[in-house]
Amino acid sequence: MKLWGGRFEKETDERAAEFLHSFRFDIRLAEQDLRGSIAHARMLGRQGIIGEEESARLVEGLERIREEVRSGDPRFDPTSEDIHSAVETRLREIVGEVAGKLHTARSRNDQVVTDLRLWLREQGEETARAIRALQSALVGQAERHVETVLPGFTHLQPAQPVVLAHHLLAYFWMLERDHGRLRDALERMNLSPLGSGAMAGTGFPIDREFTAQELGFAAPTPNSMDAVADRDFVVEYMAFAALCVVHLSRLAQEITMWAAPQFGFVTLDDAYSTGSSIMPQKKNPDVAELTRGKTGRVIGHLTGTLAVLKGLPLTYNSDLQEDKEALFDTVDTLKLALHVFEGMVRTATFNRERMAAAAGRGFTTATDVADDLARRGVPFRQAHEIVGRMVAHCEQNNKALEDLTSGELREFWPDFPEEYRLNTPLESAASRNSYGGTAPERVREQLEAARRKL
Amino acid sequence: MKLWGGRFEKETDERAAEFLHSFRFDIRLAEQDLRGSIAHARMLGRQGIIGEEESARLVEGLERIREEVRSGDPRFDPTSEDIHSAVETRLREIVGEVAGKLHTARSRNDQVVTDLRLWLREQGEETARAIRALQSALVGQAERHVETVLPGFTHLQPAQPVVLAHHLLAYFWMLERDHGRLRDALERMNLSPLGSGAMAGTGFPIDREFTAQELGFAAPTPNSMDAVADRDFVVEYMAFAALCVVHLSRLAQEITMWAAPQFGFVTLDDAYSTGSSIMPQKKNPDVAELTRGKTGRVIGHLTGTLAVLKGLPLTYNSDLQEDKEALFDTVDTLKLALHVFEGMVRTATFNRERMAAAAGRGFTTATDVADDLARRGVPFRQAHEIVGRMVAHCEQNNKALEDLTSGELREFWPDFPEEYRLNTPLESAASRNSYGGTAPERVREQLEAARRKL
Amino acid sequence: MKLWGGRFEKETDERAAEFLHSFRFDIRLAEQDLRGSIAHARMLGRQGIIGEEESARLVEGLERIREEVRSGDPRFDPTSEDIHSAVETRLREIVGEVAGKLHTARSRNDQVVTDLRLWLREQGEETARAIRALQSALVGQAERHVETVLPGFTHLQPAQPVVLAHHLLAYFWMLERDHGRLRDALERMNLSPLGSGAMAGTGFPIDREFTAQELGFAAPTPNSMDAVADRDFVVEYMAFAALCVVHLSRLAQEITMWAAPQFGFVTLDDAYSTGSSIMPQKKNPDVAELTRGKTGRVIGHLTGTLAVLKGLPLTYNSDLQEDKEALFDTVDTLKLALHVFEGMVRTATFNRERMAAAAGRGFTTATDVADDLARRGVPFRQAHEIVGRMVAHCEQNNKALEDLTSGELREFWPDFPEEYRLNTPLESAASRNSYGGTAPERVREQLEAARRKL
Amino acid sequence: MKLWGGRFEKETDERAAEFLHSFRFDIRLAEQDLRGSIAHARMLGRQGIIGEEESARLVEGLERIREEVRSGDPRFDPTSEDIHSAVETRLREIVGEVAGKLHTARSRNDQVVTDLRLWLREQGEETARAIRALQSALVGQAERHVETVLPGFTHLQPAQPVVLAHHLLAYFWMLERDHGRLRDALERMNLSPLGSGAMAGTGFPIDREFTAQELGFAAPTPNSMDAVADRDFVVEYMAFAALCVVHLSRLAQEITMWAAPQFGFVTLDDAYSTGSSIMPQKKNPDVAELTRGKTGRVIGHLTGTLAVLKGLPLTYNSDLQEDKEALFDTVDTLKLALHVFEGMVRTATFNRERMAAAAGRGFTTATDVADDLARRGVPFRQAHEIVGRMVAHCEQNNKALEDLTSGELREFWPDFPEEYRLNTPLESAASRNSYGGTAPERVREQLEAARRKL
């Protein structure tokens, strides 16, 4: 059933219909569309805009459709233009002509954006839970590795020893910010556009407070033109999602490298790895790689949606139909990525020995020596220069810093004490005990703070 | 059937499988996958890598699967990891254990990229045809409107009168460049990666020239590592597509404005318009708007895919699996947009009177006066200044330039001739007869050139 | 002065230096860098890490450099690698060797991100003020146009009459959400990374609370690795900015169309318009157009920065150097765009007559008739159909709805009353008095609510 | 000097001027602007549109300005709106009032796009040379490493041994495709828009063929409206550039990993590395990292520019002013990145021993065993399964494949020959001698083919 045939003489071209119809994807909003319609129908009756009994019949019919949907047996006309007309057509089959009264005092313009807000609000809550679960998995692993040392990297060059818990908690805090951004977005989107009509409001004596409350919104939106033209909430979620999945991609990059035998820092569970059709030895960190790849997809959706909105005049334009598929895919991708990361992180085995061995290579305690010289009064710049020359000397002679004799040391700085002992990697990490630093005592505090957030 | 179980002890996690499996979308490559496998199986037999009879059985089995696919009755295991394993599993059902020999001397890495090139080559040809059809529709309309004047705009302000054919042909030339870019891309992608193996080539005595020829490729790719890691052809198509749909979006923007009663330049056919569920009078240029919107989507896919490839080390990484859905959607979107634009343009009615009336408003012939003064020896800068003041005077007094008496004219420039007649819009357009200009005589030449391209 | 020469034997290649050095753009952070260094130097003295007197000399030297910068006479070595080494070199010139002690217990990694947060915090506050100013300009215009009717558009087709104040306030609310997002971002970024060192913290007994307080931060960051690798605050500002400028671009699109003579709804002040070098009559809405264009730039910066961060392993990588130019340009572009929009909006003249005339055209009160039939008991769907046919009839006969006689009306619906009078555009607008609707009484409430936000 | 003051009463607002003026960046087009103006002035004289002597004076004046520019002493008014008005103002100072005749029969709209095409054509040629230079550096290194084995990776897991030359040449072919795309773009852009006027052509008897030839263009553009509104050539260069720098980013990622001690495959020259201000041992692959980062920037420019063009109606709109800065930065970034990569690649030292050692680890020859079983008649799928189990056994027992005794081997497959010897990595590579494969003999052919391209 078309909702708008009156003034038209010709049918829509078949290909144009294929191009224009959104039913194949907006059917996903069926539950929300019905929920919104039920609230609207109730309000219409309550306000006397339609008869009480008419209202009751509409509600009953809509509830029956909802059951059909929930039981996996929706009976929509597959050639419907969109979910709204599909529902109305089905409603007419059930309740007859009174179905035509449901659309009193509303438009698809306020309806669709109400549906989408309801949907995204639910999905946002699920996303929040998925973030929390991944944060828990990180905390779980961190608890086991407060004293596991590995090289901390800058520029992918060994920099200073750190403990694995500290490294993993860095991701905890990224996700904590994501969670904050998501919560802010969810709060900002929680207003009801229902009752904005096509864009100017309506002359029927509707009660927007009532429908807002029925649907769990904090309040109705203040401007009807803005309400039907606004997709800020879609973009805000997408921007949150893009940054969140970028965080996953960073961890993914590390997992991928750490799983390579050159690093050998982590062994992934078989359940989160795949093999090769030709190379029998392969065990690939597919989940990590694919998430890194899907980050491009999510960035693309954000970019594309901003480009869609750019330069759109008020109020509703069909360009806005482009919000849904990109949003659906963004939500699905992020949620699933969070889920599989949770499993991958939870089941991963970190290889303490490989990490410890690596932590001792690459002159990672050179800063300790420079700091020590600084503590002994050498200006830091000069201390840096001295140790730099020591490292260059060691590299040329294929030595580690700890191989240098005190005689050799004094060639670089005459006041080196007789018995100069370098820090072990764990000592080195433990020495960095400033607030937020990698010393295990500090990391335990950090873990405590992290646990409090969960 | 998993193609790689040997070294694994645990099954893939269910959610991870959902995340990783590509069968739900790469089934779209079934035809190409089969075509590639048939060529490969033939070659294996021809080169004596497998027995002639084995080769024949494989080919026969693959052809049967192809028939199942073509007849709309594919019998693939829906839980397959990807199309490649789906085909091999089905093949095993048909031909038995010999199916296991098909994968000799190849890998999914070279297989999937062969499939994708085959697919995109076909789709590229279809895209080219769709461009040509839209160009024809533009030429068709242009032929009817060589002397239809309308205001040419710069900054969306009336600038100078032009003829509609000239305006429409501007889009012809944009599409002509798109066509050129597409042809270049199709030529560049027409190399066969088959036989690159997992990434290093193979030790079996394969004949890559043979499979390349069988599949209609110009030659085999020269470097096996590049071959399996390369998705340039995907990006090149997407970049072409993004610019092409940007061109459509520009026309879409004009159609949208021209269909508004404030312009009233065009009336779209009902078959390419839609209505409103609440406002009975509405007739919306939905096809144009939605195409403008979909431009964001295509830009997003390009952006996302570039981001996917950024920083990927050699050779195959699972990130590359992200090429397909974005590409499929780009191709589908562009092709369908071209098709519906063809219909929309072909069936549109341009309103000569509204255009002509508009062409005379907004001082569009002011440049003619300035040019005329320049021809009479006034330096152009000064002529511009004089006419600028005339326009300001007219605006303040709510007059058109043609309303000025010769007395008034001479207040701006003393040497205006007694009887000074301004150009009509059509005269004005006709006077701009430089090569590529809007004079009907020139536009007829241009139409001729355009027709030669088709 | 290079801060890291010790282990190197060769100079950086000249072109590589050109490529790598950031001084030409990060000099913009001089003020923040000095502020951070002063806080750090004070803390070093307070904690006894360096002598009290040394600390005082460093602070004094840094304050002198700050004065040089503020007075527009910075004395930095133009070949400096970055602002940090430029400052240290200059400091050495002023205070001598003790300058080398300033870098004790910190790294450029925590230093640069501290600088950037300080800078963005200030710029964010300026941005917030610019948003408020534009909101005020919108409210100012809205107050003058509570009863100015114009056609509200959907799909750029006239939909229903609205009042201009309502239309303008739609932008007020968009900016209000932008303001909220900005405030959230500013709060989230207000943590001090100073003291995170290269990435592991430091063994010196620093006081991060002290420097955080000195610099006005709410607290120190909780994880040193995250702190130096995190650019979320940059992305969050950019995402806010992209959406904000998208809002401007929507208004820009309307201004551009409204300034065209076909609409004629607005006349821009000369101070916010430009002319043509060739067409003497032109007056172009350049500010609006350019802002619409610059929206692409800001979207591009966001996209690019997300792509930069994608797949970056911990902790600092030189890729992060790419944050600054994109951020600087985003901030500059948005702030300037907000400023010029404020002026353009404030000085614009809206043409009541043109708007009123347009509001009556295009069957904008057709919904009123349908609603009226619905009130008289006709199911809305059927009412919609009836009025749709009335409109089609009028279009074919070149009539307005108000031209139909009661006899004609009754051919569409037999129960039309004898004397059926259609709403005028203002009556139509006034009738849409639901909460958030366009009725002047409601718009006055809305204005009140808007004013309370400012 | 403003080129359009006539009809305006008020000055442009100061901030709006700052926003609108392009002189600070389009001064970069001075050389091209002058070249175009000289050709135009000559043509005006030749066609008798202005006097021969006037033409000569204009040309002389323009040539003098060109000398000022070339000698680094341009005398432009720094408050100019753009380069075009700057040149005209300066010309007036030199030749007097006749300067006003230069703008006869052209507009800034055709002028600016002519300038930009001239500029990009030159820059494109320079880019092509920079690509060639990097290709040469890759070939140079490849020649030294035809028999240097390293592990080829898929999924960043060791897959099969390859030779370094093969790996490096993969980048050669990527760049070869980039070069092809650039050449196609350069050819497509080589048309002269000069003479298209504001957008409709001109009534003056100009000779567009003449100016096209003078400026080295293949022909004039065929449609004046398209000509002034078209920025396809900018987008096409940007799309080429984005993919090209993505290729660099892939190599950058490998260099970054290979320079980490965990890989240790490459040692970069000091001239292309940097150190740390705090960690004396650091030697960072900064050039590679920064290029990887700058890839985001270039992707962002492409995205942004497509978004700028989306939905722009014909013809010139100020949005188009946004083409220049993004293009300039794209060209500069790509050229400089290519230059520094050339140096970095040319001077890099590849560590044969580390690579060889790594090539033998990770069961990289497992495919060889499976292939061997397949050659002995085992269906490949089964062979894969057998070797998969062998690998799992080895991993659990911490063995390499070559450690398995024939007794052990026969537990996996009873027909293993008594003396079963596994391939060494180099033998393994040498065995993959299919066309395009990694066998040194094939790689030598490939090197030959590569050299022929240079």
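The chains carry the letters A, B, C and D, assigned in the order they are written, with residues numbered from 1 in each.
Criterion: contacts are C-beta pairs under 8 Å (C-beta built on N, C-alpha and C of every residue); 3 or more make two chains touch, one makes a residue touch a chain.
Every value quoted in this text rests on a predicted model; they were computed, and no experiment measured them.
Set against one another, A-C and B-C show the most C-beta pairs in contact at A-C. Averaged C-alpha coordinates give centres for chain A and chain C that are 23 Å from one another. Here the spacing of chain B and chain C, counted between their Cα centres, is 32 Å. Of all residues in chain C, those touching 2 or more other chains are 3-9, 103, 109, 153-156, 159-160, 197-198, 257, 275-284, 286, 289, 292, 295-296, 299, 302-303, 306-307, 309-311, 317-318, 367, 384-388, 391, listed in ascending order. With chains as nodes and touching pairs as edges, the resulting graph is complete, every pair of chains being joined.
Residues 2-13, 15-16, 18-20, 84-85, 103, 106-109, 197-198, 269-284, 286-287, 289-290, 292-310, 317-322, 325-326, 336-337, 339-340, 343-344 of chain A are the ones touching chain B in the complex.
Residues 3-9, 88, 97-105, 109, 152-156, 159-162, 166-167, 169-174, 177, 180-181, 184, 188, 195-206, 208-209, 220-230, 232, 235-236, 239, 242-243, 246, 249-250, 252-254, 257, 292, 295-296, 299, 302-303, 306-307, 309-318, 367-368, 371, 374-375, 379-382, 384-389, 391-392, 395, 429, 431-439, 442, 446, 449 of chain D are the ones touching chain B in the complex. Contact residues of chain D toward chain A in the complex are 153-160, 256-257, 259-263, 275-286, 289, 303, 306-307, 310-311, 358, 361-364, 366-367, 369-370, 384-388, 390-391.
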